[in-house]
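Consider the two complexes below, in which chain A is the common component and chain B and chain C are the respective partners.
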Partner chain A sequence: MTYSFAEAVGTARRLMTCATAAAVLATAGAPQLWAQDAAPVTIGYAISKSGPNAGGADMTVTPNYELWVEEVNAAGGLRMPDGSQRPIEVIAYDDRSSAEEVVRAVERLATQDEVDFILPPWGTGFNLAVAPLMAKFGYPHLAGAAVTDKASDFVKRWDSSFWFMGGSVDYVAAFTEILVAEREADRINDKIAMISVGDGFGIDLVKAARPSFEAAGFDISYDKTFPPETSDFSTMLSEASNSEADTFVAFSYPPHTFALTKQAKVASYSPPVFYLGVGAGFPVYPGIAGGSVEGVMSLGGIDPDNALNAAYRAKHEEVVGRAPDYWGSVLIYASLQMLAQTIERVGLDKEAVAQELSTGTFSTVLGEETRLENNQLRAINWVGQWQNGQFVAVSAEGGPGTKPVSLPKPAWE
Partner chain B sequence: MLEHVVNGLVLGGTYALVAMGLTIQYGIARIMNLSFGDTIIAACFATYVLFSAFSISPLLALLILVPAGYGFSLVIYKVIMKPLVARAPDEGALEVDSILVTFGLLFVLQGVLLTLFGGGYNSYSFLNTPVNLLGTVVAGNRLLALVLSLLIGAVLVLTLYRTRWGMVLRAVALAPQSAPLFGIDTDRAARTAFAIGGAMAATGGVVVSMFQTFTATAGVVFTMKALIVVILGGKGSVPGAIVAGLLLGLVETFVAAYIDPGLTLAAVYTVFLLLLLVRPNGIFGKA
Partner chain C sequence: MTMKTSFAFALAGLALVVLALAPLVLPDYWTGVLLGMTGYVTLATAWALFSGPTRYVSLATVAFFGVGAYTVAVLNEVMPYPLVLLCAAGIGMTMALLVGLSTLRLAGVYFVIFTFGLAELVRQTVSWWEVNVTYTMGRYVFLPFEGRHIYWQLLVLAAVTLLISWAIGRSRIGLALKALGDDETVAAHAGVDVTRIKLLLFVISATIITLVGAIQAPRWTYIEPSIVFNPTVSFMTLIMALLGGAMRLWGPLVGAVPLFLLFEWLSVSFPDHFSIILGLLFILIVFVMPNGVLAKFDDLRKGNRA
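Up next is the complex of A and B:
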């Protein structure tokens, strides 16, 4: 019952941008008709469509799955090594943001639905939860929305797993590099005020950040963790402000990121470096913040001069009805492009697909020559900053694909 | 110190505002409405749509959505709750039945919102202006929540304790079996109380949407918080909901400032436990 409802919701969201519930019911049941008779390639996934993870999944993962399937099917389907084309048929389940449910759904996809490929769920924890199952059933696991420092260990344990989003240490190291350069230029002092959410992402990042900041000679003058349910940050912001740190760091989830921005504006708290967690790279972020967010930093970022990426963003907006985020979306989409190209080269044999993903070179939205290193994508933008209405990838000096960081952050408007 | 008092009261104002409607529904209509938080979320979305698509200020949206919340809850009561009330042999049975039914209603509301809006995060900025209150800068929208909760609380208390109509409602709350003997239409009183609760949920939703990020599935968070406030304050007690709400706000703020922000939730539940040990029926509850 739940499954069919979840599917109906999924179908509905694919088919409509704005329709009434009645229209949804009418369209959700309509079978999709294919011009060709080729047997479809079944691709299954379990994703959080409800529960606390739905917000993240709905931003970064699900729209890209839907966009990719729609694009592939519009072009006639997945191309096989013999040149024929087969459409994609999707089986999607709602894991209801429950780790047990996602495991059950993946097991079902593998054993009952016997799909050809399984796309990963959203979130580090959920990807780790299904990784052993994916390996057991021999499915290549293209872990998209998962940040982990242990990827190098995981690829040894599960050699058909692939990691596309880097690890906490990578993100923090790139950010620390920028901070060190700023301090050397005398634009910031050596104090950092840092808060983090007491949950997966926050714990992971802050664990990497403490040693990284301290090794670079920074003094973490305020370092607190808050529960995920927190909605009021006025006290934490005033304490951070009292700590006289020039750098404010928050490893936060979107609701916190939005609240922190709004409340920092109210309190006129605008330190030279203002770095937030997930959500600051959402295209809706400036609107939510109510005006300019110039100078705000976070994870991710894009190269605005990259034509491939610009085309992807335009297509996403056209098909999904809204822009993708500036961090994970493009990585997820690239992983799907790699899967399609792999299938075109080696067919549907899972082992051959895993092998080709591991060693092949692909033309993706990230670049003409995208390849994995030790089953991990490393061509990732680690630090981003809002500059002139775009969330661009930055580094201390700028470089290929990154702009020079622009600090100190101007005051809120 | 004063800064934390102000911040705590402003935060508590939101809790009180959200909890008052639930306490009225529970206290007078005797319906433990688990879909209360989802009604709040529905109001959040309605405000969001009115604001972003029709450029209607959330303050004006109050004028539309509060009556809408009243009407919606009235219909819910007439269609879904009335048969339960009619067949329940006693209050205990009604409470159990209403918990089960509103638990189902929770998923219906959530499903409709998910279908219409998807699972993503929603937020916008309105009245996010600094207001200086006793030397502490607070957000205008949060202050509005505090002012509204105190204002509505005062109006409710005056109505309940100073008007004949309020007396009727209290009579039904106190002795639902005996009230009809005095010519009181208990069904009507319960219906009105449930609808007022719905109107309050809508008020809470409109105000909360101004500063808090919401998703289609976040209703349960509000229900939980409101439940704690209601039980802490004493079920059915409007002053209790206000005092308990403000108390929780103060506790959270002081713990965040002087001990650790990570312990705010633990502190809330500690206060909850301690108070229930001392006063099992809540601060304003009657034995």
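Up next is the complex of A and C:
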């Protein structure tokens, strides 16, 4: 029953956030705040506010929805093609981390509430669960928090779906490229120790990683999958250490990522390349890890020289009360900016919006010229590394938007 | 068949026809609500089929439900859909037989704990298999079904389940069951083959539950263990059957329909307080009507007469 207890604690904590959100929405709904008495544009979403998915949704998705709505409404509302402005009215449901709930909530939003647009839920599974409905009711589906290698297939199946987070193959390929360059520079050997969580994310990535590493001539000298409940990694870490690999890779979820960091520190295990999964890109990561995490690598990363992104991070911290993560948040926010700009160009007609999203060029936090390729965002930072207290996007040599990777990782402090 | 039963059958048949026609006039959302409701009515009735008379509280509902959904996910691309359903039923039946043979001698709280563990065991086994043998996590179900198609299938299954429940209640097995629920030892001494009857009921109940999972799977498109082995399904089924009264034919239905509508209303009106209200409600049900709504009504009627 610990599960229910944890959920209750989580609910209590979220009530605070929800109270704030409710206050924000209440202000948003008050028409007298706007000079013009325009009818609101209704935007609905179902998101996991409780249950196992709530943590991820509350880190990457929900805060960005709230931030965007507040910003748009503070500026007078969504701009229409004729120059008028209409405020956003939000209808938000809790899918309680249940696939059946999220499906029904989207049906409710489409046929009962008849909202103008529907924003997607959190997670690959739930985005796929709602995709057929979004297509059926004609809503453009801006699948934000969904990592999938099958995006191109899905675009064929549902032509008004858009995929913003890339696929496992992309993340692994970019990382392999860095490893190859490091090996050529003789900074690492050709052995890799790899562990992965036995759940959606871990399996997906490890499936992409095995062939990618092997094709690049690496020897995966240690390869182990662990169940999601695992909290003691000392054996795995010492076996990885014994395998004499210079590269340690863990496709892990936040609890494992945090535990792995702490236990690696205790064991003074500090291989030249230390790559972890979800959680290493959270702003709280250095705090949880207890001090410097210099050199730790993971998925995502930001361009510290991008002023737009810096402004977005500051605004997020101001409105939401905490910094966004260094991976998905900015992609979700960019997808919302694209939606707003699309509406300004073509209005509220769903088909026209889908068409414009597909072909248009947008100015977002990612850059002045953001566009989708085959309905997919490709301008994603695939590999990140902690450098001087920031989780920056890196590549082997550095380049536009990325810093050169700095290896070997220094020893733990 | 007496006048009264024929009348009841006619009424039930009429209700079934009305329900079957509903998606043609209702918007998709309400079809979705009916779908979810029918799913839970079937689950609760099937659960009560075994757990009602025997008083063996089972938390294994989601183990079978999930196996059904997974079977569809694995097989939907290699064979025609009716065959997939048949396979799902077969797998559910075999699993129930194995589980039943090895555990139905457990009683009371040990059985509860075991069934809860079973759900976890099945989930972990499926995960382990997918991780270490097939290297796939997450499977796709692309079947051309809309909500109402799934709803119609569930409606048929619900009707069949109620029929089975009715038939068992009138048969010799039903009588044996009543004796068994009151006192297992006495029943055994009176010549009832206790284990065989329990096993039979358990297998029927589990097979129906497996089919519910199989039929609902196409609605989610994407399936992974954490989605289909969600323990909430077991708890919801249990509380619905208990609310209505697990010992009566219509009890689970009477519990499932209002509770499902209540949950739906709560998630629309109080999306942020759902879990709190739900918890309070559970406590209320257990304290105020431990034997279910129908029994409560009977009590009230008797109380008025006295």
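The rule is short, and it goes like this: the second predicted complex is superposed on the first by the 377 of 413 C-alpha atoms of A that agree within 3 Å, B and C clash if a C-alpha of one lies under 4 Å from a C-alpha of the other, contacts with A are read in each partner's own complex, and residues count from 1 in each chain.
Everything below uses one rule, namely that a contact is a pair of C-beta atoms (placed from the backbone, for glycine too) under 8 Å apart; a residue touches a chain by one contact, two chains touch by 3 or more.
Treat the numbers as computed from the prediction; the structure is a model and nothing was measured.
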{"item": "Which superposed partner A:Gly398 touches (first chain B, second chain C, both, neither)", "value": "neither"}
{"item": "Contacts of A:Met59 with chain B and chain C, given as first, second, both or neither", "value": "first"}
{"item": "First, second, both or neither for A:Pro227, with chain B first and chain C second", "value": "both"}
{"item": "Chain B versus chain C as contact partner of A:Ile195, first or second or both or neither", "value": "first"}
{"item": "Chain B versus chain C as contact partner of A:Phe258, first or second or both or neither", "value": "first"}
{"item": "Touched partner set for A:Gly389, first chain B, second chain C, both or neither", "value": "neither"}
{"item": "Touched partner set for A:Lys49, first chain B, second chain C, both or neither", "value": "both"}
{"item": "Chain B and chain C footprints on chain A, overlapping residues", "value": "49-50, 52, 198, 225, 227"}
{"item": "Chain B to chain A touching residues, read off their complex", "value": "3-4, 7, 10-11, 110-112, 114-116, 118-121, 123-126, 128-130, 137-140, 142, 211-213, 215-217, 221, 252-253, 256-257, 260-262, 264-265"}
{"item": "Touch list for chain A against partner chain C, complex", "value": "3-4, 7-8, 11, 14-15, 18, 22, 49-50, 52, 92-94, 96-101, 103-105, 107-108, 110-112, 124-125, 128-129, 131-132, 136, 157, 198-200, 202-204, 207, 225, 227"}
{"item": "Contact footprint of chain A on chain C as seen in their complex", "value": "27-29, 32-33, 36, 124, 127-128, 130-132, 135-138, 140, 142, 146-147, 216, 219-224, 226-228, 230-232, 264, 267-268, 271-276, 279"}
{"item": "Residue ranges of chain A touching chain B (in the complex, touch as defined)", "value": "5, 9, 12-13, 21, 24, 48-52, 54-55, 57-59, 195, 198, 224-227, 229-232, 234-236, 238-239, 254-255, 258-259, 262-263, 265-268, 279, 282, 284, 287-291"}
